[in-house]
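So, here come the structures, one by one.
First subunit A sits with subunit B, and in the next complex the same chain sits with subunit C.
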Partner chain A sequence: MNADLQQQFVQDMLTESFEGLDRYDRAILALERNEADAETLNNIFRVVHTLKGTAGCLGFQHIQRVTHAGENLLDLLRAGERRVAPPIISALLRLSDALRALLQHLAAAGTDDAPLDTAPLIAELNRLGAEPAPESAAGSASLPSTEPVAPVEIASPAAPPPVDADAGWGLFDPAPAAEAPPVAAAGTPSAPPPAAKPGPAPSAPAPSAAALAATATVRVDVALLDRLMNLVGELVLSRNQLMQLASGRQVRPEAVAELSQRLNLVTTELQEGVMKTRMQPIGNVWSKFPRIVRDIARELGKEVELETVGATTELDRTIIEAIRDPLTHVIRNSIDHGVELPAVRVAAGKRPAGRIVMRAYHEGGQVNIEIGDDGAGINLARVRQKAVERNLLGPAELAALSDREALQLVFLPGFSTAEKITNVSGRGVGMDVVKTNIEKIGGSVDLQSAPGQGTALKIKIPLTLAIVPALIVRVGTERFAIPQVSLLELVRHESSGGRSACEYVYGAPVFRLRGQLLPLVFLDEQLRSRPAGAPPRVDLNIVVLQADQRSFGLVVDDVLDTEEIVVKPLGKHLKSLPMFAGATIMGDGKIALILDVFGLAQHARVLVDNSDRPRAATAAADAAAAGPRRQLLLFSLPGRERLALPLEQASRLEEIPADRIEHSGARELVQYRGRIMPLVRLDRHLSGEPPVPGSAEPLQVIVCQHGDRTVGLVVGRIRDIFEEAYELQPGSAAPGLLGSAIVQGRITDFVDAPAILRAAGFDAALAA
Partner chain B sequence: MTKIVMTVDDAATMRKMVGFTLRGGGYDVLEACDGNDALAQLAQRRVDLVITDVNMPGMNGIDLVRHLRALPHLRTTPILLLTTESDAEAKNRARQAGATGWIVKPFVPGQLLAAVARVVQSPVAPVA
Partner chain C sequence: MHASRQLCTFHVADLYLGIDVLSVQEILRARELARIPLAPDTIEGLLNLRGQIVTAIDLRRRLGFPRRSADAESMFMIVRTVDGQVALVVDAVGDVLDSAADTFEPPPDTVPDAVRRLIGGVHKLPDRLLHVLDCEQATALAA
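Now for the complex of A and B:
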């Protein structure tokens, strides 16, 4: 055998064996749960048996020795000579661990000479098999007895099945050929192909490690492959037609249209077909979980049942790879933090065994994966406490969080609620990593928990990463693609009277979108592609994007079209640019870069405020938690950015030209709807600063009913009206203020209008 | 006339390795992935030799031998069992079922070819 071929066989063996060992683990677990039937043991046996044979032929003696010991024990179990018992199950699981380790070493290093001491395992397997040994005499052939156990294996590693002389091959007596005797006669040492020959060792040149590790394989249904070939045939035909068309002098437009339609059809089908070859059932990842669940549950002294639904749901294999670790971590978390100890569960009136359900299903071009447990749920009090201990949030901010928001805290970096760091989860990998990894592949994570009833994590991920629907935008002369998963909406704002809708909060540009301030990011500024003397924008094309559960507006010159783009990875030298996720080739053959929304947001620093994350995530949903929603009027004064008044206290909002103000003594009055309305300048009562006198700007006035009098409160600027639930806290003790609350995620002072009016000399009772 | 050998094994790697060795020795090779597959393929045709694994799901090698021997056109076709089980009891069952001989795996290519050459009785070029 030449080296290439040997390598091919080794690769085949690895694929086959890893698949086999997964089946093996599942079968062993079934055996442990007494759910095994007659075939189960045979299947277990066959996996080990096959691996032993193949490894032997390829010259991997370490694997062969280990499998041999396992095979002997399994053979006894299969024959009913040994009973399945916990020590046997454990040993058999250790066997699969050891074999996996050896195979992994083989895949990486090209040899099974792993630094792994399997002698104790072999001895254990032999001991379990040997206990009452009914086989008589020199039973060492297939049934090593206790004492000579390991030595038998190690002494003659080259020819593992302990050898009788006819081990190589032989023919039964009535052989077709006359000269059978020299070969078939048992025990003739002169037999020409003797088993004592130093085995298959010389045929095993170590294949190069890199080559082995690099060639991953995929299994494809033959019918699908045929269909693809068929489609490729169609594609070739279309190409021929196109070439013919291109070489012709005169091209009929109909011919082009016809051909492009045909090409479109073939390509679409081909795309779908090839996608399918990359699809794998999610069960491929899940198959490892029963074993993981068992081991962790054991380690923690818990009982856990794992149920999986929808294991055949298919996903692109790159995504399957990407979710393997996050899912494993979530499962670990569920067992470690979610499911309670059996005694605790019984005391709570539950069954002693916890239950974890993993469910996968397709929905709207995405895959949903849900992992739910029926454990204790997340202890919100402890979450809050931990958040303060770890300085993730200040006590005031924390108090303002609704339960739902508090739950999101577990996704913050550096968060772990485990009382003590256990071997199982607290390994420095937190839920934030799970979330980040899922979001990296365009997915999202949602957490729900009910105290005493359990926790459910819902993950949404796209089907594939190779071809994605995207929005194409233009800045200057460049086009960019934005993956549609992050796209929330498109807003175009045309300036009225030359004033841009872009406002500034502490120097940061924002846009007011339905009562929410949307941070703006100018793409050309981020990319430094804006020409120096360019006039400021007046019309805004805003692409509202979501990154890490916060939204921001990306300002571009033009919004073009949506397209399915093919993602091409960027070269190494461009990999360090966080704003780009890749590149794609547009219909006209030019290249467009694909924006990485998360990276862009980070670069533009619209995500920096970490503590704001959970709040933003649930801003819309927190109503029920804190109290009834109330309508608020938000306005500002010079030096006081955020002041609020319950809307029911204001009867109208007016803009009054400064020249309509009349004076009566020190009091300012205006004529309003045929009556006299006194004005009260709020800034005089709230801020120590003297008012700016003689301004010609029109006054912003909140018209209030005070008793039966109508009074106008003059404020700086009316900012917004919105509805929100809030909890008032006595804050600044300034006269005229009721206190403060967090609304729209910011601290806002509440004006005590009646008190101010009283202070200004209007007494509701007297006036009546 | 090139001799045809059928190899029956549920492990694809093993099947490929046997196939490769035999093709290198100048044989044509048919592959079957288990006993039922082999029976289906051999229902209507002859081959010069069948090499079958013993332990397979569905129908094991020894049952396969029994079934093949029941087919008139395969009554005298040599059948070798490829097995790791070198114990006398298994061999006895194989013999009773009508197998011609056995090859213990792991095998080295030369060994396999020698065994095959013996039962097929055709000159074989030595293979490294």
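Now for the complex of A and C:
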């Protein structure tokens, strides 16, 4: 056979078979729970039969022999000649393990001649087929058999024990290589060395994840593919237009604008489309879990039911890969530490079988995954005690922790409360790895637990990693991208009279942000890129970032723009630099590094102490009722304590020294970023009060965009920025006010900025 | 041990070096690199190679020579390694030579250990010695 063709067939067979075996496992488990109908058995049979046929065609005799034995047994089951019994279920599950191991070897080495002794399994399958099924629980009359079998016994003496101490449940890992060569293989011609046969990854000596990844395929909806092709067609047309335009003698600006508009549209749609092809239902990961749950629960002598909700929730496939291990670990933890033994559960008045619920859903551009169990919950006293034993915290610090914070201790490295170390979990590399892995992909982990009622872990992860919105900042001559997920706000402080806004707490720079001290991190100092003898900063551009629920201000030279950036990984040479998450190529072809906010915070030692500094105040806001949450800017005027403006209407907040105001007729103007910005005194428009004359205090200004003009609203004091759901009630008759609402538990008037600006003589339509 | 093979030769400081021509993907005239703050000294920067971001390693620093002067010419050799593409910054690129196995000799013991790992041996050419650079070692975590 043509070698390329053969390789193609092998690829197809691998893809199909791995999918088939996942279905097979699920069906077998359904069979075990007695939830199977006649079609289930047919499905199981079909998977094995197809695999046997394909393997036979392609000359993989090892696989063929194993599947043949399994097929015989399944045929008997299907015909009703044998009844489903625990030994049969176990043998069938071991069959799928063995087949996976063989297929993995095939994927890596190009031959199914895996160092794997399948003879005992084949013998077991044949024996189960040959002897009439012993009725397990029903206890019907057992026909005479050559070899009595205890139905409850999972493993027969011929097979290795079902769970190996360290090999997880990979019963047929290539570990038994040292054993005698397979008896049944004696008749086959000795296989050529791996490299001689066409294989997908001829260089890989052993089955490895990398070799398998090379064969990974994705199924894409044909309609989506057609749409992508259409878009590519559009893209080609646009390119042709662009080339025509570029070769033309005169370029009309309108034509360029039109074309760039079009290109923008096509690329955006193409981007969304391609992204969709990378989206996979999370069920692809979950499909492995029923089997894992069954195996671990058995091993620990527990009963566990697994329920999944939202398996169709889609995620980018890189993220799917990244969460596979953490999720498996969490599930193991839930079974091992969460769910109690049946007797304990009954004593506590619960059903003997524990329940684990996995739920996935989209929310606000993120995917939430919740894993909850109805087990014993986390014993906080044990957690505190353990933290002291392991010297993770001092007793005094511990006493200051709230229960919620104490719960977070389980995420510390080296923490495990397991009474005894099992091979399932409890080696002390646990939740901290889960947390770091999730945070590595830009997600967050939250743990909740109620004693006696259970534990719930909530994971939030972004939809995709490949393209992220980012803020571009400049330091010196270099540009850096900061992912917007960790961005809280931007603050620009222009100093008045040479007084810098930066203060020091024992040498550590801080900034007063609405009355709270915000630790400052100077990016150029962190990256040691500040040229010697550079003049000290006068104005501060502060990017307020959040890392691990702690906020800090990153001082940069300039804030340039927000952009969607394409994330490119850095080579392994740069893995030692945790403050960079990757790199991206900017519009001008130059490279900008992407800052890893978490890594940067650690590097700058912002995250070093775990003490009780105020965490971002989210808990109070969380308690607020449902409803659309909006970000609000709260400020005050003399005589009006609580005024609010939706934050999206304000483009910046500035503090402008009074002596910088210039006058043009009655208008007050300031020079702002090289342009003229008119000022509007909000107090005059809201209450008609005479202006407070000649105050030397710096003005608090909300910079608004009105049409294409930039206007500054002068207010009394900026008080806060927060997010809350509210219901606006029209009522206040005052001009310039939209109405009032209860926010933060107090009545607050909402300012109608566009109306005020119109009243002040700025007509958006005219200006535009 | 070394069958006859073709080596792409190049110069770094006063060394005459060669690597297996099959591991060289392309050769570029030096261009501006994106600097990486805090990066190890041997890493020169990042290169935008048609949309791929490639780490550039300065072979002068890697082999323990002083940095080249700012106006000195240099070339990029893009090599393929197990960890993907890496750009080697060299002073100049020479011809491709056929090397015979019988001219090969491992480096003498007097060569410092740090360099012995990078240089697999020398080919005795009629007029000079050609150092064979171990590409994987030279690009392996150049820290």
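The rule we apply is simple: the second predicted complex is superposed on the first by the 506 of 768 C-alpha atoms of A that agree within 3 Å, B and C clash if a C-alpha of one lies under 4 Å from a C-alpha of the other, contacts with A are read in each partner's own complex, and residues count from 1 in each chain.
Keep in mind that, in the parts below, a contact is a pair of C-beta atoms (placed from the backbone, for glycine too) under 8 Å apart; a residue touches a chain by one contact, two chains touch by 3 or more.
Everything numeric here is computed off the predicted structure, so don't read it as measured data.
K.L.:
Determine, under the contact definition given at the top, whether A:12 touches first (subunit B), second (subunit C), both, or neither.
P.N.:
first
K.L.:
If you stack the two complexes on chain A, which partner ends up touching A:71: first (subunit B), second (subunit C), both, or neither?
P.N.:
first
K.L.:
Which touches a greater number of subunit A residues, subunit B or subunit C?
P.N.:
The partner with more contacted residues on subunit A is B.
K.L.:
Based on the superposed arrangement, let me know which partner A:478 touches: subunit B (first), subunit C (second), both, or neither?
P.N.:
In the superposed model, A:478 contacts subunit C only, not subunit B.
K.L.:
Based on the superposed arrangement, let me know which partner A:54 touches: subunit B (first), subunit C (second), both, or neither?
P.N.:
first
K.L.:
May I ask you to decide whether A:527 touches subunit B, subunit C, both, or neither, giving the answer as first, second, both or neither?
P.N.:
Once the two structures are laid over each other on A, A:527 reaches subunit C alone.
K.L.:
Touch test for A:386: subunit B only (first), subunit C only (second), both, or neither?
P.N.:
neither
K.L.:
By the touch definition at the top of the document, which applies to A:460: first (subunit B), second (subunit C), both, or neither?
P.N.:
Neither: A:460 stays clear of subunit B and subunit C.
K.L.:
Which residues would you name on subunit A as touching subunit B in one complex and subunit C in the other?
P.N.:
Comparing the two interfaces on subunit A, one with subunit B and one with subunit C, no residues are shared.
K.L.:
What part of subunit C is in contact with subunit A in the complex they form?
P.N.:
Within the complex, subunit C contacts subunit A at residues 34-40, 43, 46-48, 51-55, 57, 83-84, 86, 139, 141-143.
K.L.:
Which part of subunit A faces subunit B closely enough to touch in the complex?
P.N.:
Residues 1, 5, 9, 12-13, 16, 39, 42-43, 45-46, 49-50, 52-59, 64, 71, 141-142, 160-161, 164, 166-173, 175-177, 183-184, 192-193, 195, 197, 199-200, 203 of subunit A touch subunit B in their complex.
K.L.:
Would you tell me which residues of subunit B are touching subunit A in their complex?
P.N.:
Touch residues, subunit B against subunit A: 10-14, 16-17, 20, 53, 55-57, 78, 80, 82, 84-87, 91, 94-95, 99-112, 114-115, 118-119, 121.
K.L.:
Would you mind writing out the residues of subunit A in touch with subunit C in their complex?
P.N.:
478, 527-529, 568-574, 576-577, 579-580, 583, 585, 589-593
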